[in-house]
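First chain A sits with chain B, and in the next complex the same chain sits with chain C.
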Partner chain A sequence: MAMALAVAPTRMELLKLRQRVGLAQKGYDLLKEKMDALVIEFFEVLKRIQEARPKALEQLSVAHRALSMCFAIVGTLETKQASKETKRELQVDVSTRHIMGIAVPAVEVGEVERNALIRGYGLHMTSSVLDEASKKFERALKLLIELAEFEESAFAIAREFEKTKRRVNALEYILIPRLKEAIKFIMMRLDEMERENFSRLKRIKAMLEERE
Partner chain B sequence: MSYKIAVVGDQDTITGFALAGATYTHIHTAREETLAKLNEFFASGEIGLVLITHRVAEEFGFDFRQMLRTKGLLPLVLRIPDKTGYMPKVDELRKIIRRTVGAEIMVKKEGL
Partner chain C sequence: MSSDRIIKLELSRLNLHLPERRLSLKEALLSPRPQVAARDGSVHVFKRGELEFLAGLLPEADRDKLPLPILIALEPKLGRGTARISGEVEVKVVSQVLGKEAAAGELLIYRPEVAILRRKLPTTTQYLFMW
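Let's look at the complex of A and B:
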């Protein structure tokens, strides 16, 4: 049983408590609704992750295979050298979107795939295998960026969900029961006082009648 | 706002993503170095996405999760498999689902 709050057993206090229960109940209902909405949102994002993830990972392993080929054909050192010469200025636009008051990232990527000419490594001494590997990594990167957006959103929503759940539970299992307990306590006490008063009056009346 | 991309992982992963245009890269060798680098990536305001291989992320375990918890919205962090396709058995996302929803959720089209 929930522990009752320490309250003075007065009518004033009772009214106040009733008001607080009403408010807590309203808050509880709202939070519960928020939780439902979050779950829906969460599943929406999960579905998108489920679509994006296999595609991205597949492309990544394809890219790694191409890179291994490149290491074998062009040479490890040459490939590394080319990777150092490459222009590495890819930019992603990250803004925030709000779902139910939670900030989730919204990522915008331009064209990730580049032409061999603008990558920056010298075409002399490199081969088309290197171009191929680079292209595949660019493709993988684009997919991974999208995936990152979804995963990060899922984490953000999950975090918020956890917080909301904790609040809902606190209201449901602690605050509201305690308030109700306190109300019950006051009502019992008031009733008891009434009975005391009643018997006191009876007794006084009897005493008065005896005197006459 | 435009942000840059950082990659942390093994030599092959780094080389690949460098070819693809990722701006910052770090090859994981020593623990302290990588940790310092990660902190730097997280603190700098210009990095929007950090890719880290599962293998490295796993090695840092608690420290890494702590970093994820304390970071703001940016940078986005994504764990990726390295060239061996290494993935941990316990999926981070699944763990979160189980903790929050309180039940394992299996979506029928197996993709995860």
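Let's look at the complex of A and C:
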């Protein structure tokens, strides 16, 4: 049970407490709405992760199979040498989008798949198997970037959800019950005081009548 | 800090993610980097794919009448999970996205529809908390 606040049993205090309950209730309603919206966002991102993750993993495994093939046909040393010669720059536009004040990453990737001519390794020493493996890794990279965006969003939303839930719980289970308890106490005390007054007046009236 | 001040602070922070000035769809389409500045100083970027999707829903004459982001107003008074879309062109677009009958000037949507709307337009819609 929530502990009652220490309050003076006056009408002024009662009015103040009623205002505070109103404000707390408003805060509670809005934070609850925010929590609902966060749940919608979280499940949406989760759905996207569930779609993106198997695709990325599948593409990675395809790429690794192609790489093994490349090691076998072109040779391990030659493949490693070609990988060292490859250009490593990738144009990625990382910005933020906001979901109720939570900054989540918004990543826009340009074309990840490159032409064999612009990858950077020499063509006369390599084979088309290497081109194929590179292409498959580039496809996997694009899917991994998308997956990273979704996963980071999910973490950010989950963190905000946790914070909001803590506040909603504090309002629901601590502050609002305490305020309501205090209001109840003041009302009971005021009623009691009124009854006391009434009986006192009756008693005085009776005493005055006795004297007369 | 008293609990009342914390609640007031919390309420004042609810809408800080909203833009200071909204951008029309036409402006956003013409911009090389479509984005708006939020009240908290951060930047919210629109995805070009979404802008093109919205452009496909509207005749060219209406593109400068659609302010972005479209605001999904959550108001506890309306009941939990109910949201309001205001503005003639906004209502037209949202009705088309959700496959609902277009209403004049204002549209009430419910939680599953909010989820669909956010799925289709994650960067071009934003929540607005009203009290």
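The criterion applied here is as follows: the second predicted complex is superposed on the first by the 211 of 212 C-alpha atoms of A that agree within 3 Å, B and C clash if a C-alpha of one lies under 4 Å from a C-alpha of the other, contacts with A are read in each partner's own complex, and residues count from 1 in each chain.
Assume a contact is a pair of C-beta atoms (placed from the backbone, for glycine too) under 8 Å apart; a residue touches a chain by one contact, two chains touch by 3 or more.
Owing to the predicted nature of the structure, the values given are computational and were not obtained by experimental measurement.
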So if we stack both complexes on chain A, do chain B and chain C clash, or do they fit? fit
Scan A:Glu44 for contacts with chain B and chain C and give back first, second, both or neither. second
Is A:Asp36 in contact with chain B, with chain C, with both, or with neither (first, second, both, neither)? second
As a test of reading the superposition: which chain, chain B or chain C, is in touch with more residues of chain A? B
For A:Lys80, select first, second, both or neither according to whether it touches chain B, chain C, the two together, or no partner. first
Quick one: classify A:Thr96 as touching chain B (first), chain C (second), both or neither. both
Of the two partner chains, chain B (first) and chain C (second), which one does A:Arg88 touch, if any: first, second, both, or neither? first
Between the C-alpha centres of chain B and chain C, what angle is found at the C-alpha centre of chain A, to the nearest 10 degrees? 120
In the overlaid three-chain picture, which partner chain does A:Val62 touch, first (chain B) or second (chain C), both, or neither? neither
Kindly classify A:Leu190 by the partners it touches after superposition: chain B alone (first), chain C alone (second), both, or neither? neither
For chain B relative to chain C post-fit, closest CA-CA distance rounded to the angstrom comes to 10
Common interface positions of chain A, toward chain B and toward chain C: 95-96, 103
Given the complex, residues on chain A that touch chain C span 20, 23-24, 26-27, 29-34, 36-37, 40-41, 43-44, 95-103, 106, 108, 167, 171, 175
Quick check: in the complex, which residue numbers of chain A touch chain B? 39, 42, 46-47, 49-51, 53-54, 57, 60-61, 63-64, 67-68, 71, 79-80, 82-84, 86-96, 103-105, 107, 112, 114, 119, 130, 133-134, 137-138, 140-141, 144-145, 147-149, 151-152, 154-156, 158, 161-162, 165
In the complex, chain C residues that touch chain A: 3-4, 7-8, 10-11, 13-14, 16-17, 35, 38, 40, 42-45, 47-48, 74, 76, 80-81, 111, 114-115, 118-119, 122-123, 126-127, 129, 131
So in the complex, which bits of chain B are touching chain A? 1-5, 11-23, 48-49, 51, 73-74, 76-78, 80-83, 85, 93, 96-97, 99-101, 105, 107, 109, 111-112
